[in-house]
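Got some structures for you, see below.
Here come two complexes built around subunit A, the first alongside subunit B, the second alongside subunit C.
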Partner chain A sequence: MSMQETTQKSALLKRNKKFALLAPGVIWMMLFLVVPLCMMIYVSFWTQTTFSISSDLTLKSWKTFFASETYFGALIRTIRLWLIVLFLTFIIGYPAALFIGQFVRNKTTQTVLLVACVIPFWTSFLIRVLAWRPMLGKEGAINIVLQKFGLIDAPIEVLLFTELSVVIGMVQIYVVFMVGPIAFMLARIDQSLIEAARDLGASSWTIFRKIIFPLSLPGVVVGAIFVSVMVLGEFATASALSGRKVNLLGNIIVTQVGSLKWAFAAVIGVVLTAVMAVVITLLLRVVDLRKEL
Partner chain B sequence: MNQPALRILLAVYIAIFIAFLYGPFLVMGIISFQQGPEGGPQFPIIEWSTFWYKHVLGLAPPTRVAPLPIGEALTRSLTLAFATMVVATVLGTLTAQAFRTQFKGSGFVFYLVVLGMMVPGVLLGLGMSLVANQLGVQRTWWGTAFVLHVVYTFPFAFLVMLAIFNRFDQRVEEAAWALGVTPMRTFRKVTFPIIFPGVLSAMLFAFTLSYDEFPRTLFTGGPDVTMPIAIYGTFSVEIHPNLFAFGVLTTLFSFTLLTIYGVLMTASIRRSQAKASGIQEDIE
Partner chain C sequence: MMELEGLTKFYGETCALRGVSLTIEDDEYLTLLGPSGSGKSTLLRLIAGLEQPDSGSIRLNGEDIASLPPHRRGLGIVQQNYALFPHMTVFENVAFGLRWREENPVTEEAEITKRVDAMLDLVGLSGFENRGVGQISGGQKQRVSLARTLVTEPRVCLLDEPLGALDANLRERMTLELRRIRDTLGVTFMHVTGNEHEALGMGDRMIVLDGGAAVMIAPPEQVFDRPQTVRVAQVLNAYNILQGRVHEGRFDHAGSMLPLPPNSEGAMHYAIRFDAATIVPPDDPTALIRATFITSEFTGGGVTYFLRGPDGVFEVERHLSRADPQVYKGGQELGISWAATDALAFDSDGELIVSSNMRGAA
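And then the complex of A and B:
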């Protein structure tokens, strides 16, 4: 066997080995992720009648979606709620991450704080959402406390079964997904960089603006992706805390599937996918996820 | 950064922040001791009692409040989570192993896998049930729901393992091979102990996520419900404090799991440290 053949053979062997390692994962994702999503796009063009569905292609369901006040309104509402929650998780999460990542220099304390943030996740998501009800209700914990301190005379009623309660619930549930990645990036910043800046006479604000914030940006983007993906696909929080008054795209999908309107559910699914794709593409423009790992 | 005033301000802030995170948690704990069966899931507490805990465990006398389907649903959830954990961790480790060297199309594979955690559950559940309808496949928690649970958790396992392999010094393995150790033995004695903490974290991720998974299962789980679906079923009707009692119990259960994880992790780190210092002594 010549030298060349040997290297060729080992290269081939390497490729086969790589193929064997990759194949199971890739096949699984193709079959159970890509195929269902394609199927959803396909079914969105099917003909839906009240009691049945047939595979004759039509644009009818699409036209209904954009013509209907209810459904188009749900799209707008979903986007509005997503922007509000994203903004709030960032505003509320960043200072917490800043403290954990920059002000706590002790690794153990850092871990303890992060674990403390994650512990609530060990309670079932749905029960955590439901626990907001006795908290926000007319005779809920918040109103009781506020009244006891004499801060308000009559209970605040807008707290529960409104859009506000959905926002509060979502922010509380998803803010940690913002804190984690940001704190991670902040903790990685080389302290000598900050010392150097300080020695050169930079103010704290300048240091934050010019060094700390830009370096934490990948964390912000990762956090924003997490929050966006979860909020855009939400329906449980909305149905639990709004008393079914706030209908997001996710809620409509659930209702449509419940009444076996598959084509219609698929249309909304495709719309949601499109929104999500735009959001993630824009966010990934800011930072290359693969490089940051 | 070193600014005393700012530091104190932020420390106060984080205390409030954590209180915000634990608020519902605390409420859940308090309400779970509400008097039963008349007491509702709201303040004030009429009388402290453990009625709802008994109710959850099936020890309370029958009332108009339907008991939670603990036995069956919980068994299903745990079985599903366990199976998902095994498959997702294996897939994640294999794929991450392939990423240790450069290859063409790695970007495609990376984003394909990561897509699994990015696509919202509602969409995937919808797509999968459409596929099942088309193929005439029965939707079941151990079939259609299981494959989606893996699609969801495999990316997490993959990312964890990728991070571990990135910090893995390949020369250790090469040294073992050069010394004539068989690949199998190398994997057992060298590679596995190093990646073990990663594998454990990947397993923990997969188990927890699958155990609490809900939108995917809602559409694809079929008639036999898992625990989250059973809880979701109570949304439409009235909620009772038994849900909160159940929440407290499952949280305790989770803590037990977390503690086991912590103990295993510490033991693994300690062992590797002991080994490292042993090697150090040998050299000296």
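And then the complex of A and C:
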């Protein structure tokens, strides 16, 4: 090796030293994310018999998934519930975020209000979900109150152990993930922009449509990603509030793993991961986050 | 014509504006000079309608506009930080007012393009239409902000420290540009600034604001030559102001007996312009006060000398077109002299004592 080559090599090493900073993270993610992910895809092609699994490759689990009404239906149901929950968290969360981010001018009050949104998280996830039962049940709080006031004669049964109760439970839990990022973006909007727009003659509605909403869009996208990822992978709310009638992809994975059907669970895992990847890609298309943040 | 009468504004206990009255003519360049905290931004925001006055009226061509929302006043404000919409291009920013204003918006795309292009041409930004506002320089942002306001044809254009964020070179160019743009459009500019050079150089008339009150409203030459109060002289940053009292026909300033302009018996403050004083040897017969040299500052066309007088720092400006720079040592004893006719005297209320033979007096 010539002298020049040696110096070139050490120069290259010096220049790329900074990448050493990435090593711990990269190793961690390789071991615990990339490798398991590849494993999951691989296992989804294994041969599953009732009590055992062998590594002979087959498409059987995949065929079962797309042919079965129960399993493919669960995919459709998951997507439908996700869309409903996403829409409702946006509709309920945006006005709250608008209030906190634009109409509360005091930074301390803003923080207090945002922290208040997180109060439900001071209890465990399971308790939060189960607390809906005495609320929504046939002899639950809502039905009792409505009956006492004579607004209804018979209890509303549709409130619990239906898709509706799952939606109510999920929206309540996840709406805060929508409020946070949107309120953050709204609070960052310089008031002078709004003054300038008003001075130029725009009405409040136009200012909202043309200035405030577009500038808050990155917050909406980040919030939507949070909500989507959590709702798509949900199983606890669905199983606790639907009486096992509403099966999402997450629920099926739990059942399949419970009965040691690894190959089939892997198929659903791959499908779920693919759905999330598509959803996130689409959401990121809406806004160029790199430019906005 | 816009008339302000007795405009007063409190923020809690503090009074930001106390009874400001003034008349703004059509087609004039008005500058508003005041130190920070003098209420100049408050006055601008009240006129623009971004804040409500506690009392007083604002009339535009006889019509009371104080209760109208900002966009119905027919005024435009160019904010200090430009306030450009970050998610829009230069063109969209300028077109915003035409396109989205509540009252008779321009709906024809061709008309919008025509007017925006003409305005961008006027401010020298042709070809920048499709740039994002993050891709242009500070001076260009300033012009976009100005164009965005002017394209809506306001009756009065309010500029809040428009040159404050620009570097010196750009500031000088924008000074000329602003005057040219205003002359072309014939719209009244009201330009708020904390910089006395800007205020003196750009305005047809200037307003000096101090402690929330308009202390002088006059053409710049008059403000500079004959500041109405001692505070105006201070804000101009061109006068040495000495304290003392009259004793046997002369002004006793910490033991130095200074010559007074005629009829100024009640003088309590005495002002002499930086460039009216000259440095002489300490034993020179014309020396009026003795001082020690501190330091000097070369300003290109001249030198400013800082000396310690009997009571505070004394500044002397020497224009190099008239004389070569002098070099003094720190701590050197010197004398300062000036002509009695150049001195201004102010009474105990800080009001200028006008004497009959004063320079520039009508």
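The rule we apply is simple: the second predicted complex is superposed on the first by the 268 of 293 C-alpha atoms of A that agree within 3 Å, B and C clash if a C-alpha of one lies under 4 Å from a C-alpha of the other, contacts with A are read in each partner's own complex, and residues count from 1 in each chain.
The rule we apply is simple: a contact is a pair of C-beta atoms (placed from the backbone, for glycine too) under 8 Å apart; a residue touches a chain by one contact, two chains touch by 3 or more.
All of these numbers come straight from a predicted model, not from anything done at the bench.
After alignment on the shared subunit A, the placement of subunit B and subunit C results in a side-by-side fit free of clashes. When the two complexes are overlaid on their common chain A, residue A:Ala141 makes contact with subunit B while staying clear of subunit C.
Applying the stated contact rule after C-alpha superposition, one finds that A:Met178 touches neither subunit B nor subunit C. When the shared chain is aligned, no partner comes close enough to touch A:Val221: not subunit B, not subunit C. In the superposition on chain A, A:Leu241 makes contact with neither subunit B nor subunit C. Figure note: vertex subunit A, arms to subunit B and subunit C, all at CA centres after fitting on chain A; angle 80 degrees, rounded to a multiple of 10.
Of the two partner chains, subunit B is the only one that A:Thr273 touches; subunit C does not reach it.
Judged by the touch definition given at the top, the superposed model places A:Leu33 against subunit B, while subunit C stays out of reach. Closest approach of subunit B to subunit C, taken over C-alpha atoms in the A-based superposition, is 10 Å. Within subunit A, not a single residue is touched by subunit B in the first complex and by subunit C in the second.
Across the interface of their complex, subunit A is touched by residues 48-50, 69-71, 75-77, 79, 81, 83-87, 96-97, 100-103, 105, 148-149, 152 of subunit C.
Contact residues of subunit B toward subunit A in the complex are 1, 3, 6-7, 10-11, 13-14, 17-18, 20-25, 27-28, 31, 41-44, 90-92, 94-95, 97-98, 101, 103, 107, 109-110, 112-124, 126-131, 133-134, 147-148, 150-151, 154, 158-159, 162-163, 166, 208, 212, 214-215, 218-219, 227-228, 231-232, 235, 239, 243-244, 246-247, 250-251, 254-255, 258.
The touching residues of subunit A, counted against subunit B in their complex, run 18, 21-22, 24-26, 28-40, 43, 92, 95-96, 98-100, 102-103, 113, 116-117, 120-128, 130-135, 137, 139-141, 144, 172, 175-176, 194, 204, 207-208, 212, 225, 229-230, 232-236, 239-240, 250, 253-254, 257, 262, 265-266, 269, 272-273, 276, 280, 289-290, 293.
The touching residues of subunit A, counted against subunit C in their complex, run 190, 192-193, 195-203, 206, 210-211, 214-215.
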